[in-house]
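Note sheet for the following structure.
Order as written gives the chain letters A, B, C and D; numbering starts at 1 within each chain.
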Amino acid sequence: MAKPFEPKITAFVCNWCTYAGADLTGTSRIKYQPNIRIIRLPCTGRIDFMLLQKAFARGADGIIVSGCHPNDCHYSSGNYHARRRWMVFNDLMEFMGVDGRRVTFSWVSAAEGTKWAALVNEVTDAVRQLGPYTEYQRLIGAGVA
Amino acid sequence: MEALRTKAKELLAQGEVQVVIGYEAGTAGVRRPCFVRTAESAIRLVWDTNCIGNLAGYLTRPEIKRFGKPAIVANNAVLRSLLQLVAERQLQQDAVLALAVAQDGVVTELPTAQAVEDYLAISPGGLSAADREKMEHLAQLSREERWTFWQRELERCIKCYACRSSCPMCYCGHCTMDCNRPQWVSVPSHALGNLEYHTVRAMHLAGRCVQCGECGRACPVGIPIHLLTCYAEESVHRQFGQQAGTRAKLDYALGAFRPDDKESFIR
Amino acid sequence: MRMGYYPGCSLLGSAREFNESVRAVCEAIDLTLEEVPDWNCCGASSAHVLNHDLALALPARILAQAEAAGLEEILAPCAACFNRLASTRATLAADPAKRQEIVELIELPYSGRVRVLNVLEVLERYRDRIEAKTVNAFRYKVACYYGCLLVRPPDVVKFDRPENPQSMDRLLATVGAKPIDWACKTECCGASFSVTRTDLVAQLGGRIVADATRRNAAAIVVACPMCQSNLDMRRPEINRQLQQEQRIPVLFITQALGLAMGIEAHRLGLQRHLVPVELPEPELEVVGDDDDEDD
Amino acid sequence: MSRIGVFVCHCGENIGSTVDCQEVAARCKQMPGVVHSEDYKYMCSDPGQSMIKQAIEEQGLDGVVVAACSPRMHEPTFRRAVSEAGLNPYLCEMANLREHCSWVHEETDSTTDKATDLVHLQVEKVKRNKPLQPIQVPITKTALVIGGGVAGIQAALDIADSDRKVILLERSPSLGGHMAQLSETFPTLDCSQCILTPKMVEAARHPNITLMTYSELEHLEGFIGNFKATIRKRARKIDEKLCTGCGLCLQKCPTRKISDGFNEGLGMRRAIYVPFPQAVPNTPVIDIQNCSHFRKKKCDRCVKACPTDAIRFEQQDEWITVDVGAIVLATGFKIMRSDQFPEYGYGAYPDIIDGLQFERLASASGPTQGVIKRPSDGKEPETIVFLACAGSRDAAKGVKYCSKICCMYTAKHAMLYKHKAPHGKAYVFYMDIRAAGKNYDEFVRRAIEEDGVKYIRGRVSRIYEEDGKLIVKGADTLLGGRPVEIKADMVVLATAVQPNDGQIDLARKIHVGCDEYGFFAEAHPKLRPVETNTAGIYLAGACQSPRDIPETVAQAGGAAAKVVALFSRDRLTREPLVAEVNRRPSPIYSDCVGCFLCETACPYQAIGQETVTDRDGKLYKTMAKINPGLCQGCGTCVATCRTKAIDLHGYSNEQIYAEIMSL
């Protein structure tokens, strides 16, 4: 019997807030599902929309992009720029038919360990329900990633 | 048309400009770009309602720059592209003499960016009715239907990059597509490569596209790709208010921010 | 310009002159008032003593009726009605669950779209028209009395400064009057104790009337029928309390503005006052008054 | 082929209990490029670190991945160990197997698989790491202190005493700030002039301090260690070198009726004036708005009176550019004008004054020589009512925050009044008394118990005039909210402390953040209170938030210490994780096409221009250039750049791409 479907989740997080929040989840020993792989970046401002494209191209079923709350950014405005980029990219994905439900944008501060664990569990369950992103992965079969 | 020709002849004769970029009669009524460099050959210039191509793309090409100061026959789209190119410092304020030709053929000389701004203020222009209707239709579809629509359209893309070379805002010498360390966009023209390329191009035009529709016309396989860049531009306009090609001063939405930008999908 | 109008019970009863003067002034500045169809009592000060939901349902029904008639704003001249309508609108906006309850009670759709304005807000909005229509300037020293309902509670009513309101002073200055700075601008007049504890009203009202007279104001100007009746109708008790005959008249703001705009006294209902409205010769003009003219 | 070493740590059993470390180490050996892979119980311990060093030397590793705890914890430790073994520290990466894996998942195969993936991700990244050297930036060892109050003077003296040059900039004609206006200071009631004037003179005479009064900062550019400040020195119309400060010109000036700003409008001054007798420098200033020579072109009384012929009517403003390495902001505060809320009658009744005006009345050098008199009729008031929190702690009235110093100076005012007029009655309306400093509460208790000041706990709703008396209507909440009416001869409002005029423009000029009220924003409220987010710019005094003199002087010392620490090194070293615009050989010179869409995205204004001209000087190309001194490495420009011409060291496009592709 084939192994039950386990979604592959990729996360792009900012070093000063969400990465530290995930650290706090660890120090407080709060369990969450292991499907997620975290990629650390200095700031959400550094997250290029092409990273998300490559993550899908690499077979991710769900993506989390998270950083400091507005007004908390270590670099004062990185998250503001990121928010504008996500607002446009979210719109464009919707227009091109890419499944927006599989991409979750959020703010998680360095003190919100519990919020991080809840977010990961929620997204993992939701994507597990949506099943593998066959639509996009069929393209990968066609092309050399 | 006569006014345009006499104006071009006069400018070239006085040596105020070294080349006049305009339209000439192509085969079977098609209007194609032409580069008039002598007063005598100004006769080749034509003007009528289907001179709709966006000639502004030539202004940033080194081959044209070598001629010297150009004058350009400008419909609305060309004027908007001019302003955006000045805003992004690709053109000096007075490096181009715009010959704005209104529908009724009246030629007005617009030497400075401010003059272009004022001229555009009275007749802004934008998406054609047909494109607007297509956009509405696409908006009605469900996500899955839009996915299949775009997959079926992008399947035909052969990555000839005609859209990129026809777009006046795609003046980057080294484009993301040319990056191979790392290979951001898969090169072959298969489904994945096409989807990534057109998504990247739409995002790079968000807040910069003047909605002239030239890329749609340039596509040899007839994909309505101008809808992608126009949608991205309208998304920026709707959410942040900026409008590309309206001011000569840079006001790039994705390069700035407002602390109270409203959105509803970030958790 | 079309605006909703909610007279309320007192403007058809004991404060008919307020209704007549409001209509006369609005007509003079060509603002057509359209009465809210089939309006009911706003519950004034008694409803919320009996039952909280009743106190919300009554004003909500008025607002719902106004909504149904397609009105955007309604003018509620009486300060009590204005206060009830404004606070109900604020309460229902803040509490969707309660709004649902009330909508079921009044069996009418209610979205809270209709805004409620008091008479000073509306007059302030058309100040330039009033100034244009002023024929004989109202050259008197006046004591502007706001009472407590017009400006409180501040975060619901959101009108002028609760401690030291200036809007009525500005309006009267526009027609040439000289508003004085006095003690009891927002002191309570005893309100609904007028019937049950008339002695209290005599005491509170007395203080207000005495202070205005001592600063030789020609008239006290009010914008609420309750205050007007306490200072005017209860004048005999006030005089007994102060052991002194107080003859200072109590005018509605719309009556004062009406006079300045040349509307004859009868149409403003001046004859209905208990303390006769005899304004002394406008002394400001004659003698070179020491405090300078308001420009 | 890269030679990477992987070191998996058990962290005691924090990782070992749920992740099979041997298995992870074994799997890593199969990864392409990994030549050495081992696991150990405590990688961060000495033996652990020496294992790494030994492996680097023996195996000639060119990349190290330590799979242990969070890099936010031990990245510096392992990078130092790696550099001690001779490998560039930026070729060492950490995989977070503890906080992000072992502590948050159960002991299952998928946890060990995840651990392997996390290590694989860092291995792919390390292959693309480049050796980086810390950025060296030169430092100009001169400090610029903006603001000549007690904060600025203290900071300037402390920096100058460490043998560094200081430029002390003050906008008004003399040093002193608001402290010079005070009568006596709490809690010791020593006269403010006596303790401040010596410091002012010391600052003026200090060999290392250049005093620039009547001058303002016009423009600032550059970055930490290399600021270039343009200062506008306003013309005093008097030659400072010739003027001896004798004061003869002051007596002769015919224009006498100008409201004196120093005395807060209670006294008068002349067109040529010195702010206060102990002013430093003691050179007068001509007020060109009111001087009749400038208004009607006919009066030169002061020229005739001047023994040293020092009057220069034609003197013009000067613009001076100075190089400075650090800036201390000490611009102080202002007292809120309370005519915004008419209910207290400020401005309508002359006998309702604010705290600073009462200070001038109480000051011996004030307009009434220290006798408390009513501004309206000059009589001595028998009853004074003081209002604490007049504008503070009340969003409707003015500001939400507590201005911290009013409780203390209100108690001082009441005490001074009772000392000067023992029979007078002093009332204070207050909400809560905040007297938390050293000997502060004892001071307030003394005012209540010994000097008989009556404290009423309640707020005042309105003040109005009746028969020459000021009726203060309030409530006494300790007696059940009983309304209280006091007939007062004078009312003193303790209004809110606000940032000084022009502080927001100054913040914009030097790119320092402000909070919602306009106070300068400190880098971190608890851990870095004297620094700002802009490197090289420090804070002292009430410009950061309301502050009394003891705290201001302490903070000035702190800011000075930061500057002295900065200047103690010849060169400034900074983390090399900064962005860089790529360069290509001619004729392209760079992928950057000079659209400068990235310029507004940079929060640190680190993106400048670089031009390329051909032999005869014609501009060939303009490109973006990132100043490594200013760039903090946030990477916003990297994601904004369409041609991918900008890359961020440490998080380069190749590295991130490799990480994604390793999943």
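As a working rule, a residue touches a chain if its C-beta (ideal position, glycine included) is under 8 Å from a C-beta of that chain, and two chains touch if they have at least 3 such contacts.
Predicted model, so just to flag it, every value in this text is computed and none were measured.
A.B. asks: Which chain pair shares more contacting C-beta pairs: C-D, or A-B?
C.D. replies: Pair with more contacting C-beta pairs, C-D versus A-B: A-B.
A.B. asks: Centre to centre, by mean C-alpha position, how many angstrom separate chain C and chain D?
C.D. replies: Chain C and chain D have C-alpha centres separated by 51 Å.
A.B. asks: Counting in whole Å, what is the centre-to-centre distance of chain B and chain C, each centre being its mean C-alpha position?
C.D. replies: 62
A.B. asks: For chain A and chain B, what's the span in angstrom between their mean Cα positions?
C.D. replies: 34
A.B. asks: Report the inter-centroid distance (CA atoms only) between chain B and chain D in whole Å.
C.D. replies: 47
A.B. asks: Could you check chain A for residues that touch two or more other chains and list them?
C.D. replies: If we look for residues of chain A contacting two or more partner chains, we find 54, 77, 81, 85, 145.
A.B. asks: Spell out, as numbers or ranges, the residues of chain B touching 2 or more other chains.
C.D. replies: Where chain B meets two or more other chains at a single residue, that happens at 176, 184, 254-255.
A.B. asks: Could you list the positions in chain C whose residues touch two or more of the other chains?
C.D. replies: Not one residue in chain C touches at least two other chains.
A.B. asks: Among all the chains shown, which pairs meet the touch rule set out at the top?
C.D. replies: The set of touching chain pairs is A-B, A-D, B-D, C-D.
A.B. asks: Which chain D residues qualify as touching chain A in the complex?
C.D. replies: 70-72, 96, 98-101, 103-106, 108, 110-111, 114, 117-118, 121, 513, 533, 577, 601, 603-604, 632-636, 638-640, 648, 650-651, 653, 656-657, 659-661, 663
A.B. asks: Flag every residue of chain D that touches chain C in the complex, lowest number first.
C.D. replies: Counting only chain D, the residues touching chain C are 341-343, 348, 396, 461-462, 464-466, 471.
A.B. asks: Could you pull out which chain B residues touch chain D in their complex?
C.D. replies: 88-90, 171-176, 179, 181-184, 204, 250, 252, 254-256
A.B. asks: Report the residues of chain D in contact with chain B in the complex, numbered from low to high.
C.D. replies: By the definition above, chain D touches chain B via 588, 591, 593-601, 622, 640, 642-645, 653-654, 657-658.
A.B. asks: Quick check on the complex: what are the chain A residues that touch chain D?
C.D. replies: Chain A residues touching chain D: 6, 8, 10, 15, 19-20, 22-27, 29-34, 37-43, 45-48, 51, 54-55, 58-60, 74-78, 81-82, 85, 117, 145.
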